[in-house]
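Each of the two complexes below includes chain A, the first together with chain B, the second together with chain C.
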Partner chain A sequence: MVMQKLYTDPLNKATLWLEHWTNVIATSKYNPFYYHGALPQFYLWVLFLSGLLLFAYYIPTIDNAYASERLINAWTSVDYITKTIPFGAVFRGLHRYAGDAMVLTIILHVLRVWFTDRYRQYRWVQWVSGVVLLLAVLFIGQTGYYLVWDERSLLLTRMTVSAFESLPVIGQPLKDWFINGKEITNLTLSNYLFIHIGLSFMLLFGLWVHYVRMARPVLTPPPVINYILVAITLAVVAMFPIQSGTMAQLTQTPTSFEIDWFFLWPYWMMTKMSMGFFWALMIGAVVLFTAVPWFVRTKPVETAEVVLTKCTGCSLCDKDCPYEAIDMVPAPAGSRFKLLATVKSYRCSGCGLCVGACAFDAIDLPNLLDSDVSNQIKAAAQS
Partner chain B sequence: MSARDRFLPIVLVLIFAAGCLGMTFMMPWAEFGLLTPSIPGSDWGKQFADTLGISGLLQPAIAFVNSNFPYLKDDVNAPYYVYGFFMALALISAAIGIAVIGREDAEEKTVLPLK
Partner chain C sequence: MVETKKKTVITLICERAVDLDREMDEKGILKDAPDVTVIKFPCSGMIQPLMIEAALKAGAEGVIVCGCQIGDCYYREGNKMIRERLLGERPPGLKKTVDRRRVVALWLSRLQTKRFISEAKEFVGHLQTLNSITEAK
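Let's turn to the complex of A and B:
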């Protein structure tokens, strides 16, 4: 507990200070820090819409035998989107930079929940599902770089194949799954496209798990913030236009590529260390990152308790609970009321909001004084 | 709120609304290629601008684009990128204008009932 306070207290104060001054300038209604979880999700919608247009024209093949006659493959279809389709280059840039922005806003989201100590105890499901979502976003982003099928795509594919092959037991099947066969063929890009789009839709399921314990998750920022997010992305698209490399040739071996630090940093790491050390570092980092909520030992949560003789089944506590920790169940036979509140202790944060909501003193935090409960409710309302 | 207190938000809203409309107006001219003279623009667009007598109004925007986007000189997509850039400016103007109008509603109104 002491170590936790040492680390997070200054960071929490710094975050709250930053939020306070953003409130002074932009007001709480338009403070992006209050929508930190919704920002990446907004970029997800931008990615879905821009990706839809790219998907309409993309051809997932590597066949370049007739490239001189401009017959289509993945690279020429991307080239066609970029140079011939009206606004194709803008949509391609929007898709690319919205991906970068999504990773950036996810990092801000992680830092915010960490600094304000909102990742432990009853919130562990959100943290763990968030780690899985982040890994999925990074992998989906990487597959986007393979799809262009320029020299960088070929080099990244070969580096990924080498990385998979270095794994014992599962390495070979994983490599075969990744390139959809024993060697790079047209089917390889079909698989990349399937992973890129299929896994993107799986993110929606992941988000459901991420939100399932929250009664009122903030899913979208207000229009003002959405406008500014799109505007920033469009400005970046104009300032840093996207360029493809030269078309990949299976007979050639590219040796260097331009790196996108948001998605391709694992490939930079591969060039700096042995594959064994790379995997040990990556797996170890993921395990440690996932286990962060259990590193800090704190007092167990004092959960709310329902006074059965007083509960009228009015559901006010259920409606106010931010963590979906209260269920309304049928009251026992002989009761004057139809419903009865029950507390799911594993979801309860002990915040006291239900105590404040109940007009009949039928729910209580038995180990806290009334004044402590009031202070907790005020703190929750202010936050 | 007194009339004096309302004056500043109204002026700000008008400024940002004008900015938003101005930038929105620039977007079709950017798409015609009129703001990126190195790229052959639409003759139809040029004739239309001449007929309307607004060619002169575009000169500051052309100068702005030439000085800020020199790397687009030989890019076939220059009109689209410049269109996107002006759309970004229009969105920012609109966002600030909306925020100014909505600022009043943003005040905290949380009241904790006494039990």
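Let's turn to the complex of A and C:
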């Protein structure tokens, strides 16, 4: 029933149509829709590598602690990277635009799994961990904007501080954690750098949770797609070079800034509404978004069942299960075989791949038994 | 001499692959190609090579295996699995005694109904020529 409903859903129809024509143009092997999860993962590697170079030269301070003649701080170090280091501007641009591209490809990924009904039931862990990952990516991206320490960084910092301060109970400690003390100092920027890089590595842990229920997750698109993605990003870098604004001065109060719509839209929202309403809207949206897999009520998956008397413990089903839902356990005493397949029903999708992998008819879907299939085949062959 | 019965071509197909609902009757026989009977699976990955052997042994003229476009399995890897099994790259494979000329695999998205019908007709034609050659021998 759900399937009938799905295939009349206009969003699903549009997705199918789009994918079909991409197949016609690019062939299924190079269809980016079939690597929708690997695209943001690829951009993550681009960000790690370009970020490594920026990290080598970045100095997380707001003023000169060493009383040298020239001012050395975050802003001047970013300026040095951009203007003096060979290809520094390219790496900086790559880091900025790969971040935007990562958000864009994550949105593509979310929409595709949503519109093609690949987010519910046995996939809820992927959805919920995905929401957490998306929030982390947005926050990491925002900290990147604080790091350059131009006027925009200062304004964003002050807006974040007032946003945190408006929260009851946790507001004050959150603010103190965020700027690493009671007011903006050199320690603020070192904290930003730690959040930016530390949280990026936490993404890897989040991705582990995201992938743990999938056998052989698709982590890399084919090289050709990677080259094209990098080429597009580099073209954008060349067309719209990144420049810092004026250096931040704590004595001044900047009031407006250019907005990056991929990361900085929450700050745009803050200017349009009261802080209380802003937080209510954000938290409400996140809760609703996390709960999406439970909006559609369907009957539970009819999970695969092992025929105990037939299983030889060959573990082919265990190897082929795309959801890591089969475990090989020691066979009960008295068995002729060493191992026995067991199904973790909370992971099983009821797809029947294990049936296809079994040469002994030892695993069955309760709603379509091997014997039913054989009878159908015989009836069809002899009619 | 046994009287030659009218033989069928069996299609083992993923229910999410090419849309044949409007093309077949309640018995699963295609309107445009009455030699072809369709049997649906939740995923093409559920198709066992044994089923293909069973179909041919039971007297089917040929077998069409049909899954979604490679890369687009709702259950992630089903069509890749059955493709590898048919190519002998993943156990359990198709027995060597199975006549490869009578098995065809198609990977078609839900919108490629016309393509499926024309491929099925072509396969039926191919099987007829195959029969006339074997009979001539």
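Keep in mind that, in the parts below, the second predicted complex is superposed on the first by the 354 of 383 C-alpha atoms of A that agree within 3 Å, B and C clash if a C-alpha of one lies under 4 Å from a C-alpha of the other, contacts with A are read in each partner's own complex, and residues count from 1 in each chain.
The rule we apply is simple: contacts are C-beta pairs under 8 Å (C-beta built on N, C-alpha and C of every residue); 3 or more make two chains touch, one makes a residue touch a chain.
Computed from a predicted structure; not experimentally measured.
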{"item": "Partner chain(s) touched by A:356 [first = chain B, second = chain C, both, neither]", "value": "both"}
{"item": "Contacts of A:378 with chain B and chain C, given as first, second, both or neither", "value": "both"}
{"item": "Which superposed partner A:320 touches (first chain B, second chain C, both, neither)", "value": "second"}
{"item": "Partner chain(s) touched by A:227 [first = chain B, second = chain C, both, neither]", "value": "first"}
{"item": "Partner chain in contact with A:169 - chain B first, chain C second, else both or neither", "value": "neither"}
{"item": "Partner chain in contact with A:235 - chain B first, chain C second, else both or neither", "value": "first"}
{"item": "Contacts of A:83 with chain B and chain C, given as first, second, both or neither", "value": "first"}
{"item": "First (chain B), second (chain C), both or neither touched by A:28", "value": "both"}
{"item": "Superposed model, chain A: greater residue contact from chain B or chain C", "value": "C"}
{"item": "Chain B versus chain C as contact partner of A:333, first or second or both or neither", "value": "neither"}
{"item": "Contacts on chain A seen with chain B and repeated with chain C across the two complexes", "value": "28-29, 356, 377-378, 381-382"}
{"item": "Touch list for chain A against partner chain C, complex", "value": "3, 7, 16-17, 19-20, 23, 28-29, 31, 33-35, 116-118, 214-216, 316, 320, 322-323, 349-353, 355-359, 361, 365, 368, 373-374, 376-378, 380-383"}
{"item": "Chain A-touching residues of chain C, taken from the complex the two chains share", "value": "7-8, 10, 15-16, 19, 27-28, 37, 39, 41-43, 45-48, 50-51, 54-55, 58-60, 69-72, 74-78, 81-82, 85, 90-92, 107, 109-112"}
{"item": "Touch list for chain B against partner chain A, complex", "value": "69, 71-72, 75-77, 80-85, 87-89, 91-92, 94-95, 98-99, 102-103, 105-108, 110, 112, 115"}
{"item": "Of all residues in chain A, those that touch chain B in their complex", "value": "26-30, 82-83, 86-90, 93, 223-225, 227-228, 230-232, 234-235, 237-239, 241, 356, 377-378, 381-382"}
